[in-house]
Each structure stands twice: as structure tokens, then as C-alpha cells.
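The structures considered in this document are given below.
Common to both upcoming complexes is subunit A, partnered first by subunit B, then by subunit C.
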Partner chain A sequence: MKKLINDPRDVLRESVEGFALAHSSIVEAHWDPTFISQRRPLPHSTVALVSGGGSGHEPLHGGFVGDGMLAAAVPGAMFTSPTPDQIDAAFHHADVGGGVVAIVKNYTGDVMNFEMAVELAQADGIDVRTVLVNDDVAVEDSTWTAGRRGVAGTVLVEKIAGAAAARGDDLETVVRIAEHVNANVRSMGVALSACTVPHAGVPSFDLGDDEIELGIGIHGEPGRRREKLSEADTITATLLEAITDDLALASGEQVLLFVNGMGGTPTSELYIVYRAAAELLSRAGVVVSRSLVGNYVTSLDMQGVSLSVLRLDDDMTSLWDAPVHTAALRW
Partner chain B sequence: MLTNQWAVKWIAGCATSIHDHRSELSQLDRVIGDGDHGENLARGFAAVAQRLQENTPDTPADVLRMVATTLMSTVGGASGPLYGTAFLRAAKAIEGRDLDSLAVVDLLTAARDGTIFRGKAAVGEKTMVDAWAPAVDAAREAYDQGLPPDQVLSAAATGAALGARATTILQARKGRASYLGERSVGHKDPGATSTALILEAASQAAKNGEVS
Partner chain C sequence: MKKLINDPRDVLRESVEGFALAHSSIVEAHWDPTFISQRRPLPHSTVALVSGGGSGHEPLHGGFVGDGMLAAAVPGAMFTSPTPDQIDAAFHHADVGGGVVAIVKNYTGDVMNFEMAVELAQADGIDVRTVLVNDDVAVEDSTWTAGRRGVAGTVLVEKIAGAAAARGDDLETVVRIAEHVNANVRSMGVALSACTVPHAGVPSFDLGDDEIELGIGIHGEPGRRREKLSEADTITATLLEAITDDLALASGEQVLLFVNGMGGTPTSELYIVYRAAAELLSRAGVVVSRSLVGNYVTSLDMQGVSLSVLRLDDDMTSLWDAPVHTAALRW
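Coming up: the complex of A and B.
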């Protein structure tokens, strides 16, 4: 497997260094322990949003640090949750007296490390609240598993809650809005090929040339079901049906449709999926009033796509439209 | 009675064993998880071994506490908090005590309970707990028979190894492997496997004469 890297052990450091250099007007990198923060300080008493997780999902989360979104992001090793001391340092740096909202994807490692970091920060008097994101409908029976995973919907939670914080909402309100977004967003992904972690050097699972993995997670772990490859419209319909059933979407409702690339899928293919999903939704009488298409929550070089649908209300829509200035998202 | 030298040898032995088995652990993890268990744990124990050489703590409790804080800040993932909490609880259980057979049982029991607390897992869910739990049961049994600490540890290591092997037939209900549902059956759990390696190192360190 060919990789554009130097020493595999230096991938995280060199990647974060490059990111901070390229976007030096927006972010700065901190070392020992590693985290990324917004360069411009938040106004006093503003709620600070902090997120983090394993690396390999770029631009998540560092790419969403900046005005109107995250105050800090904590990258762990490749596909590995950051450690409590890293997260705690980011909490301390980000807090400007308004408290901190930690946005955590529901993965076992992320949950445990954030849990320990929250204990550490609270012991120092920082008011940290955790919002768990669990938008992945692929995980069907939560009593038999670690629960639904947090996947692409995380970006929507971070954008909308970030806009609420920038608007001056207090800690309780920002938490409530973040939870409200999470409650109204569902996602499901599919992989056409596995990804290769730099230090492993081999694909994270074996997938035949004519096979797809439905319900894929974002850490290169296999999904729930394997199928023969079919046409884009058929795969899109399968993903969308699982989402809309779970959301119980009704005719006349407004939604945000988000087609996310896993890293190795051409943008042209993402638009083919978007077209199919938008058509199906409109046929069901659902109004797609906002959209997002691109590689935002990736799994290294995985070929694949995830579909997210967020049921919108007026407040969420205006928070989505509010200005944002980060490396990966800006308007 | 086990000495401080035993604790030091145990942890150095862990570092060697995890380093030697890192590919095997990652391979197990690749099948039902994300393939990084060996590398992550090897990175953590390498840091532990280095700190141990630079500054050897004076008591077994301090050795285990140093292991806990180092693993927590270097491993990440789920293994970091799980082993970190296990060693932290173990350190607390033997604070200021002589390492007789009962102290060894208490050390292992605290580690098991710490793992259960942090991971919220029960026996039979295909996790580290499935190695810790039979290890504690076997250690308790050896203690009840009046056996010395090295034999209590030997029983624990055997219990952990058998428990780890038995995870193959289980369906995962915690952690990333749980997303595979029935497809997780037929594969050995990487976390239970590394726990068995850690307890085997504890037993080996005691066998090598670190008993006063």
C-alpha cells in the first residue's frame, strides 16, 4: 500500500504541524499534550465547544475550529481516542468563564477518555458538560452493543451548537441545542473499500472486488452487513430508507441533506448520491431546504459515503446559516 | 512475600511481552476491531519501561500507580482508560501492605473491579473482564488452599489464559467488536488476550525468585 508519508510514527505530528501552518490565521497547535485551538480568543463568558477523537477523519475535528464552531479540538493517534491529559488541557485552554461543552462521538474509547478528562477538569472548577453524538442508524439493537455510534452528524451538531455559543447562548442552552440536533439527525454509511492505517500498512478489513460493507463506522471497523455492489441509486435508496424510517420523517417537513465522502470517493460520485437522495426525499414530500456535500468526516483513504438527514426547525436553520470561519467550513 | 523487585520485574516483563506480541494483538483486533491494540499498548508499555528505568519507585503501590498514569497519558483508545483504571485501583488495594497471598488476591480483585467500573462491562461480553474475572476466581481459590503468592499468581495467569481463549465463542456486546453482532463469534478478544499476557508476566516475575 502506497502512502505519502515519512516515518509512520510522525504522521500525526507532521500532519497537525502542516495544518496549523496552512491555517495560521485561524488556529494554533499546542504540544505536550497535543491539541488545536482557535487563535482568536473567545469573548469573555462565551460557551466554548471542544471536541476530539482519533485522527484519520480529517477535516474532523481540527478543520472545524474557528469562529462560529469549535474553540478547540483534540486529535488522538490514528483511529485512537485522545488521552485524558490532552483533553483536559484543551478544556482549560478553551474555557473563558462560560463553561465548556464537550462534543463526544459515541465510541467506547472516546467516551471513556472524555469521561476521565471531564472528571479532571471539574475537579479544577471548570463547568464541563458532555453531549454524546449517536446518529448512526446502522447499529440496530443498542442493548446488545456499545450503542449507536457518532458519525457524520457530528459536523452538524458542532456547526449548529457552535453558532448558538457565538450568539451568546448560555451553557444550558447550548447543551440543549446540541442535544436537539443530535436527536434529529440520523446517518448511515457504506464502504466500497477498506482503509489502510499508516502504521499497520494493510487494509483494516478484507472486502472483495464486487462487495460493499453496509453500515460502516468511521474507524475502519466493519459494518453490519455485506452485499454485492449495486448501482449508486440502489445503494442510496437503502441508506436513505434506514434513515427516514428511523427519523419517522413526514411529508412537508424540512431537512438538511448531508452527503459525506469517506476520503477515497470522487466528489462527482458524492453528487450522484446527493441527486438520488434528494429525488427520493422530494418524492416523499420532504423539503430539502439545506445541503452539504463533501469530504468532512473521513476514514483515511476509504472509498465510501455516508448519508445524513437532519430534521430542521426555524432556529436550527438560522443557526446553520449563521457565519462560520474555520479551515474546512466557512460562509 | 513478594518484594518491590517483583513489581518492577512484572512491569518490565509486561513491556517485553506486549512488545513481542504486538503484531498478534493487532491482528486479533483487525478482525473484530480496528487493528491497533498491539501498537497502542506497546507504545504505552514502552513509555512505562523507560520511566521505570529512569526513576524506580520505592513501593509496589507506587510502581503500579506510575504504570496507571503513564498508560492513561500514552495509550488512548479504550485500553488506556481501562488498564489505567485497573492499575490505579490495584495500587490503592496494596497501599502500605506486605504482598502476601491475600494482598495479591486483593490487587487482582481491585483491577478487575476497576475494569468493570470504567468499561461498564459484565462477564461474558467478550472483553478484558473475561480474562480478569477467571483470574480473580482462580487466585481466590489458590489463596483458600493456603498457597503462597507466587502460586496464587500462577493460578491467576492460568485462569486469565483460559478465560481469554474462551472469548472466541462469545458474541461481543461491548466496544467496537459489538457492532459486528454475530460476526464477532469465532474470534479471540484482543483485550482479554493482552490481559492474559500481563498476568502471565506477573506470574513469571514471581517464579524468578522475587519472593522473600
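Coming up: the complex of A and C.
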């Protein structure tokens, strides 16, 4: 294993410290228990968005803390759910009287620990609602999940619901909008290589020199099938077909097309995949009116991409366009 | 070689097409010869910044085309200088009567081809000035360069000079500011792995399982020395010491600290390096008042980072803070 780290046990603390130092005008780090919050307090009675999950997917979620997106993020250990006390502390810190929306990726550990934290916070009188994200069309159940997994679509849920909270929508409305985004986004990924978790020290799985894993999960868990590496256009068509079939996307509809890098993929390859997907959508009469390309939900150093398509309506589009000021997404 | 590409000969065209599609509100692609320009024309008689170089370093330079930064970017083939006719076409397109500043990384091929393009454009009455970037302290001469190489500091030159052009500074002033940034920025990188150029199909060099290359160039060319992999804090201290010694940085000075990922490095590791560098600078009494962390000048899928330190003054700081609207840098 070759990594730019010190003691593997210090990876989380040191990377969160570095993150908080580098973006000290936007975020602050809290310890015992660990969470990241927006530095500038939200206006009183605004709805606060809180998300979290295992580390190793950076910039998710800490990189999305800031004006117009998350009020707080809770990083667990590498690929491990944060603990209920961490999440509860973030809920308490984030709430400014408008209630809290917890955005939870559908993994069994996350769901369980967020549920316990919600109970703790509610016992203290904080109104917390949970929105589960489950955008991955690849598999129905997997090693880590009952039901569909939550993957890159989470970024779109957090951005759009965050903009709704920032414009002053109430708790019920922000929940409804977050669920509406989740209902209209589908994703699927492919891995060309495994990733290496620092404390494990070896790749999370083995792929042959000419093999890819279609429908890979963000922890390297198995997807739909392994096959021989083929051309980018072929792979992209496979991912996109699974997504658009599931979305029942029709000609004339507007979408946001999101090509997400898994961490180790050159930018030029992300754009080759974007080109193939955009052309296929265009040929089907679908209008790509918004786009996002980059490393947003990663799996450490994994080589691969995920494709996400979000069916847009006017409100979602204007919430997507609304200003955002976070470390990883800013306009 | 495992890559998300189609025919290796189509990588450049297809990735530029995808890039232009994904960011069609900001840029447009031109073909025969190939260059990328800002979609929105500059106000008449504004100074236009043009940069370029071999592909494989994305988002450099196309990702920095847009309001407040570059008017055009010229991508050569992978790790290969763009041709004079490409560069000349970009000069002609970009010029709106205020003259052109060409930002050139100091590599022999780039310098030669930009020189020929400048002659062609000047023969047509376009006032083009060249600013050479040579921020790499690692080596004095190398396989690809006479003198110091131009590396990640180029992003800082392009951002700050671009902001000067956008506020209406004239040609001489923009050149002076770009040279002032170059004179005050130093960089040095380290590689944990080589990168694989698509048409080559094999890694650009061999590194042992426990080896790193200190002072690596952005094409994988040799640096200062190979050594055993050590802790991130130790490696960071080595890079930073070479930089701050060369800059003759003194206690009380303000700097911008830039940790650049080479393409295949997890985000968490970039922040571990940032943390180590920020702490060392702080201990030396240097004030880190601005920061940048991410994959901005990459070497395809190489694992590694570069560190850059820019000595700031008030004008550079306010130009750094000025709005920018490009695919890769936006605030």
C-alpha cells in the first residue's frame, strides 16, 4: 500500500483537521464527538440539513457544508457509519429552531445509527425528519444494504434541498423536495480498479487486468456483473440504459446529467463518458439542461465512474441554480 | 492498461467535445485547429489571456477558460505541445483589441511553439506578450526543459493575471502582474505512482512498491531523487523546506498555500498534506491567508501531490478573491 498518510489510525482526524484549516471561512470541525459544521450560523428558524456516513467518499459530505447546502456533516471512520452520539451532536448544533432534515444514504449501518440519533434528538425536543437516498439502480440488495443503495445522487438531493432550506421553505416542504429529488434521480457505477482502505492495507477486491465491475458500490461491494473491459462508449451505454429504463425517461424531458469520478480516474476520461451519455440522451430526445462532472462521491483511489440522471422540473432547476458556497461546490 | 476510453487516438477530441458539452454556457470548442475559447466575448480592448500545453493535465488549461481567467486555451496531444497554428488561431480569436498575454509553462516544446505562434500573430498586427512560468524548485534542467519547469503555480498566475485583465488593466500591467506572481510562487511535487499515457499503454516509469519520486515533473519525468516511502508529514516537510528556502520566506509574511492532486490521490490525503504544511508554516510565523486544495494540474492517473506557496501582497490577494467563472474554478 502506498499512501500519503501518517499512522493509518490518524487518517480521519488529520484529514478533517486539514479540511477545516483549508476552508476555515466556511466550516469548523468539532471533536469528541467528531462532526463538521457551517461556520456562519443559519438564520433563526431556518431548516438545517445534516448528512453523514463513512469516510473515504470525500468531498462527500464535509465538502458540501456551507451556505445553500448542508448545515453539518458527520464523518464516520473509513467506510463505517458515524455513531449515534456523533450524529446527535450534529443535530443539536445544527438546529436553529426550524427543525433538521437528515439526509441518509441507504446503508444498513447508516440507517440504524441515524435512527438512534433521531430518537435521541427528538427526546430533546428537536424536530428531525429523515430522507433516505436510494438512487443506485445496479442491485436491489447487497452486502451492505437492504434495498437500493444511496450513491452519487445524494449530492443532488443535498444541493437542491439545501437551496430550498436557504430560501426559507419549512420542514415539511424541504422534506418533500428532498424526497422528490430522490424519486427522480437514478445512478449506476463501474469500477476499473479496487480501492485500498488505509487500515486494511490491501485492495478491497481483485479485478483481472482486463475486467471491470458493473454496478459497483461506493465501498467496492459487488455490483451486477463482471465483464471484460470494453470501450467507454459501450460501458456508458450500459450504465445509461439501466438508468433511463428505470426512470422511464421520455423524449422531451429535461435532465441534469452527472458524471462522478470515483477518485482515481483522469478528468479527461470523465468527459469522454459525459460525451457518450450526452449524445445518447440527445438522440433519445432528452434535453440535458444542467450538468455536473467531477470527483464528488469517491471511493478513495478507485478508478471508475458513476453516471446519474436527474429528471428536472422548473423548481428543481431553479434550486439547482441557486447560489451555493461550500468547499466542493460553489457558485 | 485500463482506461475509460474508446480508440486511444480519439481521447483528445472526445474529451474536449465532452468538456465543451458539459460547460456549454462557459466555453466553446473550435476544430481545425483545436482550441477552447470563452463563449461570452470579452469587452472591447480588454487584455485576453491565452494559455496551453500538452493534454493530460486537466483541468489545466481548458478548465480555467471563462470570466476572470483565460480567454482561450490550446490543448496539445497528450503530454505534447500544441502546434503554432493552433496557438496562433487562439490568439486571433481571443484578441479584442487589448492585446494578448500568453501564459507558457517552461517546457522546451511549449516555449518554441508559442514563440513561433507569437511571431505569426504579431505579423498580423496582434500585440502578444509572453509570460513564462517556472515555479518548480525541484530541478534546474530536466529531460523536457532548460531551466526550471512550469507546474502547478501556473493556476495561480492565470487566476491573478486573469482578474487583472478583467478589472481593465492594460497589457503592460497584466504582464507585470503575471510576472510578479511567477516571481513569488514556488512548487515541488512527489509521485507515489507513475501515470499511463493512453497511446503508450504502459506506465511512464517504474517505481518500487516502497519508493517515491521526489521532485517529479508533471509528465512523470525524473525529479531530485528516489527514496523510500515515508510518512506524509515527513514528505510534506521535505517539499515545503525546498520551497520556503528558495522563496526566502520570512516570519510575518502572508501566503497562499496550494495542495495540488496529481489525479489519482484521494482527497483525504490532500488534506493530510495540507494540514502538515499549514502547521509547519504557522510554526515559522508565516500566515496562510488563502488556500487551494484539489486536482488542478494533474498527470493523468498519477498518485502524488505538489505543494505550491505564493507570497501574497494586498493586490494579489484582492485579485485572487475577485470573481471567477470557469469550469474548474468558480466563486
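To be clear about the criterion, the second predicted complex is superposed on the first by the 325 of 331 C-alpha atoms of A that agree within 3 Å, B and C clash if a C-alpha of one lies under 4 Å from a C-alpha of the other, contacts with A are read in each partner's own complex, and residues count from 1 in each chain.
Just so we're on the same page, contacts are C-beta pairs under 8 Å (C-beta built on N, C-alpha and C of every residue); 3 or more make two chains touch, one makes a residue touch a chain.
None of these values were measured; they are calculated from a predicted model.
Judged by the number of subunit A residues each one touches, C leads among subunit B and subunit C. In the superposed pair of complexes, A:108 makes contact with subunit B only, with no contact to subunit C. Contacts of A:209 after superposition: subunit C is touched, whereas subunit B is not reached. Using the contact criterion defined above for the overlaid structures, shared-chain residue A:187 touches neither subunit B nor subunit C, since it reaches no partner.
Contacts of A:38 after superposition: neither subunit B nor subunit C is touched. Residue contacts after overlaying the shared chain place A:83 against subunit B, while subunit C stays out of touching range.
In the superposed pair of complexes, A:244 makes contact with neither subunit B nor subunit C.
Residue contacts after overlaying the shared chain place A:301 against subunit C, while subunit B stays out of touching range.
In the superposition on chain A, no residue of subunit A contacts both subunit B and subunit C.
Residues 2-7, 11-12, 14-19, 21-23, 55-56, 58-59, 63, 190, 192-193, 209-210, 212, 229, 231-233, 235, 257, 259, 263-276, 278, 288, 291, 293, 295, 298, 300-301, 303-305, 325, 330-331 of subunit C touch subunit A in their complex. Those residues of subunit A lying in contact with subunit B across their complex are 33, 54, 76-86, 107-109, 112-113, 115-116, 138-139, 144-146, 149, 197, 199-200, 202, 204-205, 215, 217, 219-224. Residues of subunit B that touch subunit A in their complex: 26, 30, 33-36, 39-40, 43, 72-82, 84, 118-119, 171, 173-176, 178-181, 183.
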